[in-house]
Each structure stands twice: as structure tokens, then as C-alpha cells.
Amino acid sequence: MIPIIIIGLGIIMIAAAFAAIYFKSLLASIITAGVISLLASVIYLILGSPDVAMTEASIGSGLTTVIFLFALHRVRKGNSDD
Amino acid sequence: MSIWLKVLYAAISVSVATVYGLTLGGIVRKIYARVHGRFGPPVWQPFLDIIQTHSRRVAVSHGNMFLLGPVFRLAGGLGTYLFIPVIFGSALFSNFSMAGDLLLVMYFVFFGQLGMALGAGQGGHPYSPLGIARGLAQMSTFEVPFSLAVISVAIQYNSLNITSIVAAQQGSFLNWTLFTNPLAVVAAMISLLGMNMHSPFSIVLAPQEIPIGPPIEMNSSFLGILQTNRGLFAAAKLVLFMNLFFGGATNLLEMVAKTFFIYMFSVFVGAAYPRFRPEQSFRFFLKWPTIAGILSIIFIAYFGGTS
Amino acid sequence: MVSPIYILILSLSVGFLLSIFDRAGRKFSLTAFYSVLTFNVALMGDWLYRLAVLHVPTFVINTAGFNAPVSINLELGVAEALVLFLANLTGLMAAVYLFDKFREGKVSSLILYLLLVMGVNGLVMTQDIFNMFVFLEILSISTFALTTLKKNLKTLSAGFKYMIAGGVASTFFLLGVVFVYYFAGTLNLGFMTADQFSGIGLIALFLLSVSLFIELKPFPANGWALDVYQSVDSGIVSVIAVVNSAAIGFAFYKIMPLLPSSFLTAFGMAGIVTFFFSNMMGLKQENAKRLLGYSSIGQMGLLLASLVFTIGIEPAVRYLIIGGLFLNHLLSKAGLFWIAGIVKEEKIRNWGVLRNNKPLLVLFGLFIFALSGLPPFAGFWAKWEFVKVLVDSKMFFVLGTVLVGSLFELIFLFRWFTMAVKENADELEPMASPGFSRIFPVSFFGILAAVVSFGAMRCFYGSNWLQVLPVIAVLFITLIDSLPSKVKGFISLAAVAGYGYYLYPLLTGNIQLFFGVIFIAGSAVNLISTLNRKNQSKGFYGFLLMMIFSFGNLLIASTYLEFFLSWEFMTLSSFLLILRGQNAQRASLMYMIFSTAGAYLIMVGFSFAPALSSTAALILSIQDVNLPLISFIVLAIGFMIKSGSVGVHIWLPEAHAEAESDVSPFISAILLKAGVFGLLLLGIAYVSNAPSFDVFYWVGWIGVITAIAGAFMASFQEDAKKLLAYSSMSQVGYIVAALAMITHLGWVSALYLAFNHMMFKSALFIAVAGIYYRTRTRKMYEMGGLISRMPWTYMTVLMSIIAVSGVPPLSGFGAKWLIYTAFITKGWYLQAGVLFFASGVSFLYLYRLIHTIFLGQLKYEHQEIKEAPAWFIIPQYIFLAGIMAISMFPNLIIKPLNAIAMHYFDSSIQIDGLTVMSELGYWNGNLVMYVTMAVFAIPFIMLLLLKGKTQKVKQFNIVYAAERPESPQTTHVAHNMYAHLRKSLGSLSLPRVQEFWNSVAEWSHTLGAFFRRVYTGNGQTYLLHIILYIVVMYAVMGGQ
Amino acid sequence: MIKNVAVLIAVIGLVAIFLPIISGFQERDELNELAAQYVEGSINELRVPNVVTSVIVTYRGLDTLGEVTVLFLATVGVGLILKGKKEDRIKISASELLETTSSVLVAMIMVLGIYIFTHGHLTPGGGFQGGVVIASGFLLLLLSNVSLKMNHSIMHFVESLSGVAYVAIGVAGIVLTVGFLNPEVLPLGKFGNLLSAGAVPVIYSLIGIKVGSELTSILVTMGGEK
Amino acid sequence: MISLYTLILGIALLLIGIYAMLTRKNLMKIVIGFSIADTGTHIIIVSLGYLRGKTAPVIDAAVSVSNAVREVVDPVPSALVLTAIVIGLAVTAVMLSFIVEMYKKNKSLSIDDYQELKW
């Protein structure tokens, strides 16, 4: 059962990774990348590392995404300035 | 032998050589004239010229070096001659050959040339340095076959001592270098043409009615001394060649006979060939005569030669 | 005894608190900031002293109250303490340098800087690889942020590239760390052994090491670093290039014991490749800081290679090599980056502005010399020992690459230096005078470089004070440099005399004494001509004394190293002297390049030589040494470069011609003899232990060809000094050829000629110096007729050219006589023939020299010219007197030379009274002299008696085809005098050697330009390089 | 084109590097010696139930200190790189509802964060996770634009002091016990209690505060400073 | 063998991330690639610390104190990853702030527009 979950998650994550790379929209890419981190924290839980899972969920998928979004916002705003 | 006796002998030897050399010069002019279909000056014309030039009342000088030029020139001629033993076994004609060997003689040749060049240079006439430039360049090239020939001879006789070189050629005429080392002689004889600055290598002096090479500014006594030297120096060179390649001479007559023929060789070649341009003559010396010289060395050094 | 952990503690606490301090005022934060940095230096200095001098054991700090491997531990041994002391010191100095920025900028930069330095300390001390990762990240992030200290598009994009590269590298490092943990079960380096890793375990090590290696900027995966070096503020760059690299390099050093030898070899090779290519690409670089970047990267490559290739040798030597290279790189690179920041000119061509600030220029030179591995700086010793190690371990490919790479580096560094000294900077804005905070660190490092080098030399080799006398001389003259030049000149003369007096008893061998006369007495007489200097001539006498003393030291050098040391001092001082010439930029550079190439060969040659058993001077003890063939070959080439042999002579004419006119005599008459001395040294070794291959046969041919080639080229010169230069080349060709015969007569003639050449060439060069002093031209066709204005000088030239040409009765004939006799006896007939030719050709240039200057038509502008000053005339006549003496009494010199040569061979000449007799012939110099005098006197008297009244005529009163010439210019035959000869020689007269070297230079530049195209400026491409580099390294290491 | 090929080669090369690792990988069955020591030590010596915490805070405390420093550097660095200007500030037209709820929410989030890092030695989670939670609370404030002024100097003050306190506890370890960052400066207490394991919870709390303030700083700087 | 699967997943993500960094022109995408690669690395690390059938190294109801050594997964990789994640965030933040500033100066997000320094 667990291997299947992992394989499933893995496939989703890899697909998401490709999606994150190839999305035209940066916003979508950033969100997708955040999703990858979130799924990764599930994997960590399965692998017996709840500490890591918590950290990944909060930092990897949470804060990092926010920082990306902030940066994107600044860039966008700068863009609209011209 | 006391040194003063030596000096006396030398003085006699020099006088003989000078007279002989000048006479040869006169003969040459005669021959050239005849070849050209003219009557030509008398044989003693060189002597007349010398007297004539010395008797000028005014000597136009361009400076001290100009004045010293002919002195150098004649000193060079004298020196060259004085370091060559003229007649084998004769005390009278052995000169100061104990002071040095063949190398000394070869380098003393330059003494006069250099001095002359300097004197002529101070003359301030553009033709003098032009002639000197040609002359020096030509000299540097004809020295190549000549030095090769000399080296070849030195190897052959294992000596640079002229007296012993002559001694080694005694006995039979087949012992002459001419026969034992013909290639060296070929190289040397071609160099002699350049040394004598006869046609085809006469561009240095560029003789028209009067020479307009290095001596162009020379006049009166200066020219006189030069002309004296011309006789002496010619004799010195011929004696050297005779000693090195033609078995030397055991008496005056033999000397005169041999040197005359050596001289005539260059004269006839000169009469037969037109004048080379400078670069032609340079190239010429560096080609065939040089090859002959190198071959002679190889022949002597690596195949033992015939001696 | 304060635990080094307090560096971390204090830095962190102050770092955290700095922003609070800053609220109280920038003064407080700055005080705290500098105090911590100073504390670091002091602490590490203290530890270094304890560990290195008092030999306390390596200090281990266990954290968290547990022992390793459970907890993280830090270690401080000698190596760590040394690296950290220097790194902290550089950090402090760079911080001082950045003082203005720190005072005005945000407090953030202080925090970042402080923690950067902390990161370095942690990275070096930690024994835990994951902890290493953490400190690496501290280091990286603070560096990334600090690149924007000067914020513009360039720094930002460079910083971004840096981050991409650094980020990926640290990702791989992290992977390496956990894989290592997976295989070894520990993270502590002290508990890992190489045998824990095999099979795929090696991949763990690979990732760990290759990522650190990437951080050390190997070629070609280092474009990001170059961009950073070029754009970022100099103070920060100095930290990145020196401090960061040191720390990361040390981390690499710590993991090295784990790596299998195939890895190490690959890394070492990669280091060498980096060194080579960086320096090659540096050739083409015009931007100062990027140039330094190339050099830094190269130096790091070399350092890594030396780490790898010195494994297993004696530790003291290993530390000397690595420490020397590191110290050298650290001090000089930091100093140069700082200077680059002060100068602000980006293009090295514009660095002439540095001349406004003399002390800074001196420091610049100091760092350049240090970086080029010249003595007395640390790099010199390191390079010497490294070459020896490479030779001993038979790594010839590495050796060759290192040397060629070093040469490239030297070329661009010295090009830069000569530009700073010479390049016209009038149109540029003058450099603003830098503040104390900027000057101080540069000066401090400059002094440190010098002091440390000296210390290292003393400690390691236990030096004789004479060996450092050249440097002392420079320092001494610098102290009194404000005196007028005449005073300094007399002081120098006294110093040379004193040195000679001191040296005399040390010269126990005749051969030393003979060269002592050439080197010291010759120099002393030549020195007189420098007394004519009017201006202050700053630095001149210092370099001159340095050169003279190093000549002398060559004679008494008792080991290969001492010999080479003096040799390099000589090269450096002569380079500086040549550089003083007005247009000597190119000439001096070329001189330096060729000299250094020669020096490298000499170094290699000595490295192959077996150890010396005797403590006598090298020239005496060398006969007991059985040199291998390779030594003979490379040493011969090395020495022949110095003596200007054909093929490697192209430095010679330029250097002679462009040096100041009173320097040229030293170069020609004395410096070239150093090459001869070297060849003689080699010859002595050859006499007793000849190798199977007859090296000297070919040396002889080269000498002969040099003689003829030099003579020809001299004939075609328009420049008097170039003519003399080629003449020197030709004459030294004779000497080399004669030496190469390895016979008694050959050596007598070589030494005779050497002595003779010293005298006549000194006299000629000084004469030309006098002429130049009056006419301000070296072009011979612009002169003419000077005999009337400068008769004394004319006399010198006349006598000298007679002596050169070999026309009897002067001493030159003796040389010719000896040499031809020697050649014919030896059986080198064709060589003798060529020499005859050369001596014929020498008349051409000699006549040209004297004619075009002194004879012919006097130019209008020279009508009122005066005789050369007495300071020029006096040495000329001293030399003339010498020439006359040995012409009259050749035995004066023949006898001692005979004795010298008899030391090695049976005598081949007999001296009977005044006659010298050889196997072939004889020569009585004395009698020749008298006869010549007599035959000269006779026609002279005859002329005086016979000639009529002498009438002196005006200048243009000549027989000139009915015309009267108008101007001396048109009447003086001088320009292109031997056009016809040149024409007839055709292709032989083309400057083929010049063309060859030009094309070598061009090709290396082109290759450099080609390879540097990998640096496209695109961060992504750089990343691709890194990944590909990792892949390739993997393939290489996996393949082994 | 060449570049694409090169990228392909690079990626294939990387695959080639990692392939042996995958093929040779064996899932482990047992803790290695060091890890076993950690587990034993954590339980018996330090009395910390969460072994990861004891590794992070104690055994590898220096790493953690470094890690906090890295984050601190990032904060400072981002501050240096971005010149914060008011107009860059993110403005979300916050609804009144959001504003009011967020105040309440923030308080709850803060409590949660504090809980996480104080219990770091007992349960999964700790200073970092707690710190992030706190930062997310501030983020909410930032976004909702409530009139609560995030005083920068206070933030700095907290950040600095917590850092210094962390270091100070470490130094206390040297002075009072045997080494830097030794948790035994405080009594170890009873296994499983909140106030146990010596200085571990204190350190983790300080880490939590520091990380929280640092992350907030980053967010504020990135999002636009006041 | 679940850790093998996650190992492969981690390596795949790492490679995808690097691939993105090598091919995407957009600076933000490059950083996204970096962050994906980072996540991949973290997964690899955790996979290496996994022990077959073991549980989290936290002593609670599921793990007995006495037998803990035989029941938990390796705590070290977890600890390392925690550190690595935070560091990854720090690096990402600095990278992004660079991008913001670069954009301010050059108004472009394409990496090809930032190559004025070369050779």
C-alpha cells in the first residue's frame, strides 16, 4: 500500500515539477512548486520524519512560496511602471 | 741575427717587392689596353704617376684622418708583406715572419683596408663610402672561400706557419698544393680575383678615367702613397698565394715567375669578363668558390687528401 | 590561552548586536566591528605562536560537552592557525581598506562582513563535514550579499551568476555529505578512513570533493568568478579571492586524505589545467581586475596542484611549497586588488596614472614581482622547491605546463607593470590621492610580503648575508634617494669597491677571480660614466648596485639555489634598469620574458642535478658533479638565452638599444658575460663527466651561427646602439662557440675574448652614450663628421673597432688567432669557416659605425657640438688603456688564462718569452706591435716629407661631378648603407626569428582569445559548464 | 542547438553519476553506531524524547547556531540588496472582516507557534517550525494591513537579543560545564516533562523567537518595509 | 523498499530542477528550478536515513524507551535536512532579492539580458 502511495505521489510530483518548469505563467509555476514541497512533506511523514515534514510544509511550501510571490509582485509592479 | 740587420733585409725586400708590384701594374694596364685595342701607357707609367703625384705643391686635406688614411694603407701593405716569408730558406727575404703565422698575415690585410676606408670616409665625398661599402661587403664575401682554402691548407699541412707550409711543398711540383689540394686552390684563386679588385669584381673602384671609388678625394702625395702601396700590396698577396698554393719560391727568379703567372691569371679573367654588379659579385663568391672551399675541407679533413 | 571558539562566539554576538549598536551611532558599531576583527587576528597570532614555536599540541574543541564523533568538534593545528591568522589578517586589512564604505554604508554590510570572516574561521577549524556545509553557506550567503556593496547592474548580474554556481555547488556538496554519512556512518573527518569508501561509496567522495573543487573555480567552470572579480568592489573581491578561496581550499585539503589517488591525480591535473589556461587567457585581458581574476584563479589552480603533487614528500618542504605559494598569492593578490580599487582605471593601458603616486607604484611593482615568483618573495622559494619535487617524481608534463603557465602569467603581469611605468597617461584624469585607510593595508601587505619572504628565506635556508646584499643595496639607496645623483654615484662606486674588497678573499679559484675582474672591476669602471647624471635618477643606483652585487654573488654561490637566487636578482635588477629607458616598455618586457624562460630552464636543469657534496663555490665544485644529460641540455639553453644566442636573441637588441645610454654598457659588456659564466659552469661539469650526447657540439654550432647572424644584423642597423647590440650578440657567439669546444685553447680564447669584449664594448657603448648625450639621437644617419667635434670619443671608437675587428696589432687579433687555432686544432673546420665569414662581416658594421658617426659630412645642427663630458671620457680611456696593455703584452692575460684552462685540460700552448706557440702556429704580440709601429711610422714620415703644403678645405669642397653639394644630409652616405648586400642575401636577411617569436606570441594570444570565449557572460552557460565539468571529472575519475 | 546537446549530455551525465547509487542502494535495517548513540544518549543522558531535537539542539548544536546565522545573514543580506521603499509595499485591499479576524487569528497563530517550539524536545517540531508559524502570523498582519505597527527596531531587538542569548547559553556551557552549547547548564529534569532536558527547550525557544523574527524581517523586507 | 522509490524520486526532482536551471531563460524559473532541486536533495537525504519499517525518532506511545534503538529511523539525516531546508530558504530569498534588483536596473527577467561581463 505505502509503496503505491509513494509511487503515486512521486508521479504527481514529477509531473508537477515539469509543469512548474513549463508553465507560461510564473504565478502558476510558483504555486506548483509550492505544491511539490507540500507533497514532499507527505513523503517525509511516510519516511518517519515528522520534524522534517513540518518544516518542509511550513517553510518549503509556505514561506518560500510567499517570498516567491512577493518577489513576483515586485517584479510585476516594476513591469507595470514602464 | 741582429735586429738591425733584419730591418735592413726587410727594407731591401720591401723595395724589391714594391718595384716588382708596380711593374706588374704597368704590364697589366698595357695588356688591358691591348685587349681593348689601344696602345696603352708605358710599363713604367706607375712610377711616373708616383713621382708626379708626390711633386704636387699643394695637398688638399680634409682632416687628420684623411691624412692618415693613406698612411694606414701603406702601413697595411708593408705590414702584410713584412710578415710573409718571401723566399724559402732565404734570410734576406724571410722578413718578420717569426712574429706571427698565416692568421696574422690574413688579418694584417685588413689593417690597411680599414685605415684607408677611414681616411676616405673623412674625405666627405659620397662616392668614397659608397665604394667602401661595396668593397667591404665584397671583401666579407670573398674572404669566405679564401678562408676555407686557408683552413684546408692548414689542415693539410697541420700548420699555420707559412714557412712550414712552403717547406712541405718542396721536393716535386706535385707536392704543390695546386696538385695535392686543387679544390682549395680553385677557391682561393677565385677569391684572388676579388682581392685584386679586377674586373669582374672592380665595381668597388668603379674605374672610369680616374678611380671614383674610395680614393676619389685622394690627391697629391696621398695618392702617391696609395699608388706605392698598390704595387707593394699586390706583390704581398701574390707572394702569399705562391707560398700557400704554388710551392713557394727558393729564389727570386722562381718567385717572379710564379707570381707573374698568378697575377696574369686574374688579369686575363678580368679582361675576359664584364663587370659584376655588387650583389651579383656577393652572390657569386658565396656560391661556387665557397662550395669548392667546403669540398676541399671535406676532402682533406675527412678523406685524408693525398698528402 | 583563549579558546579559538571565542572567535565564533564573539563574532556571532557582536554580529547579532551590531544593528543595535548602530542605533547608538556608527562609531560604536564600527568600534565593535574592528575590535572583533582585531581580536580574531590577535587570537590566531597567539595560537600560531604557541603551535608553531612552542609546539603545543593541536587544540581540539568539543562542543556540547560530548566528544567527537557524537558532537561537532573543531581543531586548531599549525596549518589551521597559519591559514586562519593570514585569512583574518587579510580580513582585517580589507576591512580597513573598506573603512569609508563601512562608515557611510548600511550597517548590514558590517554584519555580513563580520560573519563572513567568522564563516571562514569555522570552515577551517571544523572537523565535521556537515558543519563545513553550514559554514560554507554562511560564507557564501554573506559573500553573495556583499557583492552588492557597490550596487549596479554589473555587480548584480555577476552576483547572481555567482549565486547560481554557488547554490548548485553547495547542493552537490550537501549530497556528498549525506552519502558520506550513509557509507561511513559518521560525519566527522577524524573518524573516516579512506577504506570505508569503495564502489559506489566513491561517488559520495566524488560529490563531496568535486563540489568543493568547483567552488575553487577550476577552468572552464569558473566564468562566474571572473565576472565577480571584475565588477565587485575591490575590497570585497580581495576577500573573495584570498580569504574565501583559502578557507575553501583548506576544506578541500582536509578531505584530501580520504580521496583515492586517481581522484587526487585528476584534481591535481585539473589544477594545472586551470593554471595554464587562466594564465593563457590572461594574456589577452585588458581589464585590470579581470586580469587579476585570471591570475587568482590560476594561482588557486597551482596551489591545488601543489597540494596534490606534494603528497608524500618531506613535510617541511611540503609546507614550504604550499605555504609559500599561498602566502605569496594572499599578500600580493590582496594588495593588487586594493591597488586596482585605488587606481580606478579599468583598462590596464591607463595605469600610467599610477605614476603620480610613487609609493603606490613601488608597492604595485613589489606585488607584481612577488606574484611572478621572483626573489626574495615567498613564491620564489616555493616554485624552486616545487619544481624540484616535480622533477624528482618525474612529472614532466606537469612541470612543463606549470612553467609555461607561469611564463604566461609573468608576461601579462609584467606587461601591466611596464604599462604602469611607461604608458602615456597625460590625457587621463590624474589619480586622486587615496586616503590613509586605503593606503595603509596596501603598504602593510607590501612590507609584510617583503619581511615574511626574508624571514622564510632565513629560517629555511639559513642564509649568508651576502646573498641578500642586492636587496639591502636597494633598500639602502632608497633611504638616501633624495641625495643628488652624483653623491649617490660616488657612494655606489665606494660600495662596489668595498664589495670587491670584501669579495676578493672569497674568490679562491682563478676562474672566480677572472670573472670577478670582469664583473666587479668592469662594473666599477662603467659606473664612472653614470656620474654624468644630472637629475636625481631615483632608484637607479639601487638597481645598479643590486645588479652588480648579484653578479658578484654568482661567483661565490655555493649551492644551486644560491646561484639561481643571484641569477634571478640579476634578472630583476637588470630588467628594472632597462625599463628606465625612455621607450623601453616593449624592450624590457621582452627581456623579462626571455630571461624568465631562461631562468625556468636553469631551475629545471638544477633540479635534475644531483646534490652537491662540497660547500665550495659552485663554479669550483661543479666538476665533481655528474650532471645528467637533460640538465646539460636545459641549462645550456637557459644560459644561451642570457647570452643572446641566435633564435632566442630577439630581446637583446631592443634591450640594449632602449636602455638608458649609460646602462647599455653594463648590459652588453657585463650582463651577457653572466650567460657565458653559466656556460662555463656547465662546461666544467662537462669536462669531468661528459654525457653520452655531445651537447656542446651543438652549442658550438649555435655559437657560430649566432656570430654570423649577429654580424649580419648589426650591419643592417641604423641605430648605433642596436648595431652595437647585435655586435655584442655576434661577439658572444664567438665566445660561446669557443667555450663549446671544451679544449684548452678553446677556453683560453673564450675567456680572452670575454675579457676583451668587456673592455671594447664598454668603451664603445660609453662612447655612444657620450654621443647620444650631445646629439640626442641614436640614428647614425642623423650624425656624421663628428670627428672634428668629438676627437676623444673618435679615438676610443677607432681603437675599439680595431680591437673588435681583430686587426693586428691590437688585442682583438689575439682573440682571433687563438680562436681559429683552437677551431682548427679541434677539427671544427666548417665552423671556423663560418667564423671567418662573421669576422669579415664585422668589418661592415664597424666601418658603418665609425663612418656614419664620425666621418663624412658634419650636419649643420652639430656644428657647435662639444666633446662628450669627462665622465664619459674617463672610463673610455681606462678601457683603452686596458686594451693597449694586453695588446702590447698579451702574456699579461694569456698566462693567467692558460693557468685557468690548465686546471681542466693539458695545456696546448707554450709561452716562449713573448711568443705564444700553438700546435699550428705562433704569435708574438709584442713584436707585431713594434713592427706595426714601425711600418706605420715609415709611410707617415714619408708622407710628411714628400707632401706639399697641406691645404685644409671647406666641408663641401669635394670633386663632385661638376656640382657642389648643398647639404650634408644628401652628401653623407649613411642610410641603408649595405643595401646591396641585403639585396643579394635575399631571404637570408629576413628577420625570421623575429617573425617566429611574433607568431608564437600571436598564437598564444589567439588561443587565449579562443578559449576565453567559453566565458559568454551568460550565467546559464556558466552553470552548464559546471555541470559538464562535474560529469567530465566523473568520467575521468571513473575511468581510472 | 549545440547548447541543447550540451544540456542533454550534462543531464545524461548526471544520471550516469546517480545511477550506480540507485542500483547499489540498500535500504538499511539498523541504525549505525553513531545514530544508535544519539538515540541512547538522547533518552538516557539528555532526557529528550525527540531524538531529532536533541541532535539539532545539542549534539549538532553548532550546526544549528550556524543555521540561525545563515538565516540571519539572509535577512541582513536581503535588507542590503533591496532598498526598501514605501511604494513597493504590497497593498491588499483588506476587508474589514479580514482585518478583525486576522487580529484574533494572529494571536492564535502566535500561541501555536510558541507551543510548537517550547515542546520541540517532546514532540515533533521545534524552533524552526514554531518560528515559521510565528512569522506566518506576522505575514497575516502584513497582508491585512492592520494598524498594528510592526516596529522594526523592536523586531531587530528581539532578533538580536535572542541570538545573543543563544550564544550566551552556549558560553555558559563552556563556563559552567564542559563545552560550548552543552545543555546541562540547566538541570536535566524528568524525562518527558516540559521543563526538562536542561537548556534544550530554552535554546529551542530562543531559536524559535529568532527564526520567527528573522523570517518576519525577510517577509517585511521582501514585501516592502514600513 | 519505499526508500528506494523516494530516493529515485528525489534524484528525479534534483535532475528536473537542474534541467530547469539549465534551460529556462526566465530568472524566476531558474530559481524555481533551484528550489525544486533543493526539494529533491532533501528527499534524497531523508530516504538515506530511512530504516525499513521503523518509525519516527520521537519517544512517545509508539516507541518504548528501552527498545528505542531498534525501533526508530536514523535521526541524523532528519536533523541535517532541517538545517538544509532553512538554508535553502535563505539562499532562495537572497536570489530572489537579486532578481528584484536586477529587474529594477534592466527591466528584464531573461538571463540572456545579463551578460555584459564576459571574456
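As written, the chains take the letters A, B, C, D and E, and residue 1 is the first residue of each chain.
Basically, a residue touches a chain if its C-beta (ideal position, glycine included) is under 8 Å from a C-beta of that chain, and two chains touch if they have at least 3 such contacts.
All values reported here derive from a predicted model rather than from experimental measurement.
Trainee: With one step meaning two chains touch, work out the least steps from chain A to chain E.
Mentor: 1
Trainee: Spelling it out: a chain qualifies if it touches chain A and also touches chain B; which chains qualify?
Mentor: For chain A paired with chain B, there are no chains in contact with each.
Trainee: Greatest Cα-centroid separation from chain E: which chain?
Mentor: Farthest from chain E by mean C-alpha position: B.
Trainee: Is the C-beta contact count larger for C-E or for C-D?
Mentor: C-D
Trainee: If every chain is reduced to the average of its C-alpha atoms, which one ends up farthest from chain A?
Mentor: Here the answer is chain B, farthest from chain A.
Trainee: Which one chain sits nearest the middle, judging by mean Cα positions?
Mentor: C
Trainee: Quick one: chain D and chain E, Cα centre-to-centre, how many Å?
Mentor: 16
Trainee: Approximately how many whole Å separate the CA-defined centres of chain A and chain D?
Mentor: Whole-Å distance between the two chain centres: 19.
Trainee: Taking each chain's centre as the mean position of its Cα atoms, how many Å separate chain B from chain D?
Mentor: 106
Trainee: Can you check how far apart chain B and chain E are, centre to centre, with Cα atoms defining each centre and the answer in Å?
Mentor: Each chain's C-alpha centroid was found; their separation is 98 Å.
Trainee: Tell me, which residues of chain C touch at least two other chains?
Mentor: As it turns out, chain C has residues touching two or more other chains at 130, 134, 137, 141, 144-145, 148, 151, 179, 1024, 1027.
Trainee: Note the residues in chain B that touch 2 or more other chains, in rising order.
Mentor: Expected reply: no residues.
Trainee: Mind pulling the chain D residues that touch 2 or more other chains?
Mentor: 7, 10-11, 14, 21, 32, 34-35, 38, 50, 52, 60, 63, 66-67, 70, 73-74, 77-78, 81, 124, 128, 218, 222
Trainee: Determine which chains touch and list them pairwise.
Mentor: The complete list of chain pairs in contact reads A-D, A-E, B-C, C-D, C-E, D-E.
Trainee: So in the complex, which bits of chain B are touching chain C?
Mentor: 7, 54, 56-65, 67-68, 70-72, 74-75, 78-79, 82-83, 96, 98-104, 107-108, 110-111, 113-114, 117-118, 121-126, 129-130, 132-134, 136-137, 139-141, 143-144, 147-148, 151-152, 154-155, 158-161, 216-217, 220-222, 224-225, 277-280, 282-283, 293-294, 297, 301
Trainee: Help me check something: in the complex, which residues belonging to chain E touch chain A?
Mentor: 1-3, 5-6, 8-9, 12-13, 16-17, 19-20, 23-24, 26, 28-29, 31-33, 35-36, 39, 42-43, 46-47, 49-51, 54-58, 72-73, 77-78, 81-82, 85-86, 88-89, 92-93, 96-97, 99-100, 103-104, 107, 109
Trainee: Contact residues on chain D for chain C in the complex?
Mentor: That would be residues 3, 6-7, 9-11, 13-14, 16-17, 20-21, 24, 32-35, 37-38, 41, 58-63, 65-67, 69-70, 72-74, 76-81, 153, 156-157, 159-161, 163-164, 167-168, 170-171, 173-174, 177-184 of chain D.
Trainee: Along chain A, where are the residues that touch chain E in the complex?
Mentor: 2-3, 6-7, 9-10, 13-14, 17-18, 20-21, 26, 29-30, 33, 36-37, 40, 43-44, 46-52, 55-56, 59-60, 63-64, 67-68, 70-72, 74-75, 78-79, 82
Trainee: Any idea which chain C residues touch chain E in the complex?
Mentor: Against chain E, the touching part of chain C is residues 130, 133-134, 137, 140-141, 144-145, 148, 151-154, 156-161, 163-164, 167-168, 170-171, 174-175, 177-179, 181-182, 187, 223, 226-227, 230-231, 281, 284-285, 1009, 1012-1013, 1015-1020, 1023-1024, 1027.
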